[in-house]
Amino acid sequence: MKVSLNKIMTKGKALYLAYDQGLEHGPESDFNDKNVDPLYILDIAKKGKYNGIVFHKGIAEKYNKEIRKSKVPLILKLNGKTNLVTGEPKSAVISNVKEAIKLGAKAVGFTIYIGSKYEEEIIEEFEGVQREAHAKGLPVIAWIYPRGKKITNDVSRENMVYAARTGLEVGADIAKVKYGGNAEDLAWAVKSAGRCKIVIAGGVKKSEKEFLNQVRDIMDSGASGLAIGRNIWQSKAPLELTKKIRKIV
Amino acid sequence: MKVSLNKIMTKGKALYLAYDQGLEHGPESDFNDKNVDPLYILDIAKKGKYNGIVFHKGIAEKYNKEIRKSKVPLILKLNGKTNLVTGEPKSAVISNVKEAIKLGAKAVGFTIYIGSKYEEEIIEEFEGVQREAHAKGLPVIAWIYPRGKKITNDVSRENMVYAARTGLEVGADIAKVKYGGNAEDLAWAVKSAGRCKIVIAGGVKKSEKEFLNQVRDIMDSGASGLAIGRNIWQSKAPLELTKKIRKIV
Amino acid sequence: MKVSLNKIMTKGKALYLAYDQGLEHGPESDFNDKNVDPLYILDIAKKGKYNGIVFHKGIAEKYNKEIRKSKVPLILKLNGKTNLVTGEPKSAVISNVKEAIKLGAKAVGFTIYIGSKYEEEIIEEFEGVQREAHAKGLPVIAWIYPRGKKITNDVSRENMVYAARTGLEVGADIAKVKYGGNAEDLAWAVKSAGRCKIVIAGGVKKSEKEFLNQVRDIMDSGASGLAIGRNIWQSKAPLELTKKIRKIV
Amino acid sequence: MKVSLNKIMTKGKALYLAYDQGLEHGPESDFNDKNVDPLYILDIAKKGKYNGIVFHKGIAEKYNKEIRKSKVPLILKLNGKTNLVTGEPKSAVISNVKEAIKLGAKAVGFTIYIGSKYEEEIIEEFEGVQREAHAKGLPVIAWIYPRGKKITNDVSRENMVYAARTGLEVGADIAKVKYGGNAEDLAWAVKSAGRCKIVIAGGVKKSEKEFLNQVRDIMDSGASGLAIGRNIWQSKAPLELTKKIRKIV
Amino acid sequence: MKVSLNKIMTKGKALYLAYDQGLEHGPESDFNDKNVDPLYILDIAKKGKYNGIVFHKGIAEKYNKEIRKSKVPLILKLNGKTNLVTGEPKSAVISNVKEAIKLGAKAVGFTIYIGSKYEEEIIEEFEGVQREAHAKGLPVIAWIYPRGKKITNDVSRENMVYAARTGLEVGADIAKVKYGGNAEDLAWAVKSAGRCKIVIAGGVKKSEKEFLNQVRDIMDSGASGLAIGRNIWQSKAPLELTKKIRKIV
């Protein structure tokens, strides 16, 4: 089945609100009294007209009524892990395409750690997901992060473009990669990804000015958009910041 | 299917009698001539009007007639392990949802060790259980314990709230976590868990006064209840103690 | 389906002839020109009126006609291993319930090494067997041996009662455990096992007198019987010895 | 079903254009602004009348219309890996025979690392592919590379002929092996492979003269052809070079 | 289904021609210009009236017409490995019973390394094969070799008889074991194997006289025959040697 990105993009551009940090980082490091609540995040996504909101299965289930009502496209992240585990990374698969469709998701997300000693298994799991999702016409977003013994700088030019290209080679519709700060490198990554779109992960909280400058560079480099989390919902004025970002995008 | 907690909660509060220690700790460390007998435990659960009794499959099968007759809701714990194994923890899956239903269970329990090097596999096994249980309308209680190389204090604020939040993210209906003694931390954990309910594990035997004080703190912090084992059935007057706890809860 | 032990017990007591040593220990250490032959063993079982004879699949197949003709109940041991492997123990699954039924087995046997680093997988394999066997009304006998890094004495009070209790918790009908020589410990193990019956492994060859004294202690402690191998078929007068044991049992 | 090589060979000879380097090596080391684009490669394959073009699934999907239109036979490579992983090699299976057929592939490719500590799993995965492909009449090309602790020179006579023979033993129709530069060794490899055809991997970029000399030696040794990548699409005049090679082949 | 050995034995005796060395040892160490060709081997088997010829799947497929025409019973070896892998041995499963039947095999072969740290998995794989083969009436020949950390001499009396007995215990119809040179040990091995037949592996090339003496000892010890490879097809007069062996057998 032909996979259309229309439901999670606006004129080929996209802004996603990421909220998988509850499992990936834990509440203590990332959340406060407000943003610990999925409904607060959903409200930002709705009012900020995000092209998608990223939840793990548990939240997608227990807040499903509100998510559907908000009309914010649900991007169900199908795998995840805590940061309490040592050693090379591999996320647990915690949901599947069938469940995603039942929960009303408009796309699925999946983390791939290239360079991890589990790379092979991760890519194989991804492939199962990609196959089933495409059979149902559901877009697949791959979070692709270089990690492992050989990786000293996961946002070096070499590693960033490798991540982007891997997205194309394994059949992702969108690859979410980390940005190292060099716009030229990103342009090369975008080119390397061919028909696979590139969106950039927001990363740790920065000053607004610094962040907006970066957004500008990112979009100038040909990327299709951003998936932002902490920079938005840790902000005191998430909707105003969103407006500024949206303008650039 | 909508999952209702009515059969294992009273007005949103719950008191469970845990009896998985035969496999988890062995008879020598936890049992005496009386409490080694599942029927003695079942009797306490019945007379103490517990909202559920936790058994592994073997006991649930061999004492099934008595369990059904008692009307105490059966919570079938689907995985477990001995404490004879060294290395990072992973419980064996010893039963499944289908079997739980056949045995008359009103909920299933499953232990997740976050931080264990087996975290990924454990969460994947949990997900299979969660999916099938919810398809049948059966509530899922996750025992979530931080363990592994990185974990030095499994009841630190950071780890306790991480355990609670993991319950929400992976789709548990109730997360059973250990309490470190700080009521404020627990309140933050309860908040972090959102629509996933928190019940507290009883832990090692304490003096009655100490224990009741703790129960009060726990309930004040917003938790939904407790799952107690040794503090009850190692007590000389389990029913009186139960009454006192029930009053607080 | 209700599992009846009638076909492998006489008034709740049992005497089994174990002959899995060909795979577990090898012919050189345990066999001589006579007892290397399965038919010699079968003959003892028949004339000695044993409640069951324990064979692995290969023998059960190739001598099936003779086994059926003997009317000795066949206990098919479903897993096993050589003693040539180093490291922590795990037996290979070499047959299944379906095959057991086809071969005319009246019960199945399965070895569980608690404390082994493979404990989790072993118990999970056991559960599959237990489930299927009970679905067909076939009794399940678990050989439960504490092994692994933490185990220094596999017949200590603590370990023996843990083995017995594990039999109950995981749903075995009969647990075969090793006896450390202390009758009081065994009584506590029998109690810990609740409705799971305890039979004792014969172990290495002893003098007849010593052995019969032990049998007496075992039966006095409440055990349901014995599974004997070498003490019988390495004896010069296996049938006379059997008679003496049977009298005690 | 009888497997015919007609669609990917011309009179028993073949020239394939390999383009799996995006995943295997990453864009930074192998690609430039032109050859990073799959359509540029496809154009060379079409105009150069290659007997097949090697793509991974992602490219085969996203550029499928253009591939079909070009009439260049698609060889779908079913497994692959990044070069970021340390330790012994094993490729992730990223597609399957069913998918290959749906994408219009005329053959499938699969990498086998003999000597890797994962050799056993790799060969087992290969077998599944081989079986299914042959059931559908699809030829199977095995990339066979000696790798691992014992391998110091992967193109030594001993290792090259072992790779070729492995192709025959495991049922590949064509084995792609690396050439060490000794024509006599290659002749022995071709003989060792019996009815399994041998094609030679192009390897790192060489001077044109050097490369053409090698091609001559290769064809003289009885090989069925070459699978070339970098030597062609890193060349400034890929079509002229192709013509020269084609002449020799 | 009753398994008959008639198609691969003559009056209970057998002579097999082994040719799995292409995968197990590689061409460089075992083959020359003649015996590298499967058709040369098949010709010896036919003219020498062997009771079976041992091929891996690739050869059995690509030379199937000639094999069928020769009327030599095909023994399809279902697993194998290169000798390039370090560490304890485990063969890859490269074919299955269904395929064996389709290829016209009259028996299947399977290598079991007892003592290997993979023993458990190997035996489990063997069991699947044994079960399916017997369901179709196909005889199963197990190559049983003691290997691993504990094994210092794989043809010691203790290890040879253990190998033979394992054949019986796991349900092989014929066990192929290595002979250490002591006829008495072999007689004990044959006895230990009970109704499982013993055939002896030929091993490395010896002088004809030495070899024929050994054959005599082997047959005198009660073995059912030999599976010979290098001693035959590395010989200058393979058919004359065969005749001499056949006479003894």
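To keep things simple, chains are lettered A, B, C, D and E as they appear, and every chain counts its residues starting from 1.
Everything that follows uses one rule, which is that a contact is a pair of C-beta atoms (placed from the backbone, for glycine too) under 8 Å apart; a residue touches a chain by one contact, two chains touch by 3 or more.
Computed from a predicted structure; not experimentally measured.
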Enumerate, in label order, the chains that touch chain A and chain D alike. none
Starting at chain B, find the fewest moves between touching chains needed to arrive at chain D. 2
Quick one: how far do you have to rotate chain C to sit on chain D, C-alpha fit, nearest 5 degrees? 145
What's the call on chain C versus chain E, same or different interface residues, using the half cut on shared numbers? different
Inter-chain centre distance, chain A versus chain B - centres from mean C-alpha coordinates, in Å: 34
For the pair chain B and chain E, the C-alpha centroid-to-centroid distance in angstrom is 56
Multi-partner residues of chain C (each touching 2 or more other chains): none
Beginning at chain A, go round the ring through chain D first and name each chain as you reach it. A, D, E, C, B
Under the touch definition given earlier, write down the residues of chain D that touch chain A in their complex. 22-23, 26-29, 31, 33, 36-38, 56-59, 61-63, 80-82, 84-87, 90-95, 99
The residues of chain C that touch chain B in their complex are 114-117, 119-124, 127, 131, 134, 146, 148-151, 157-159, 161-162, 164-172, 188, 191-192, 194-196
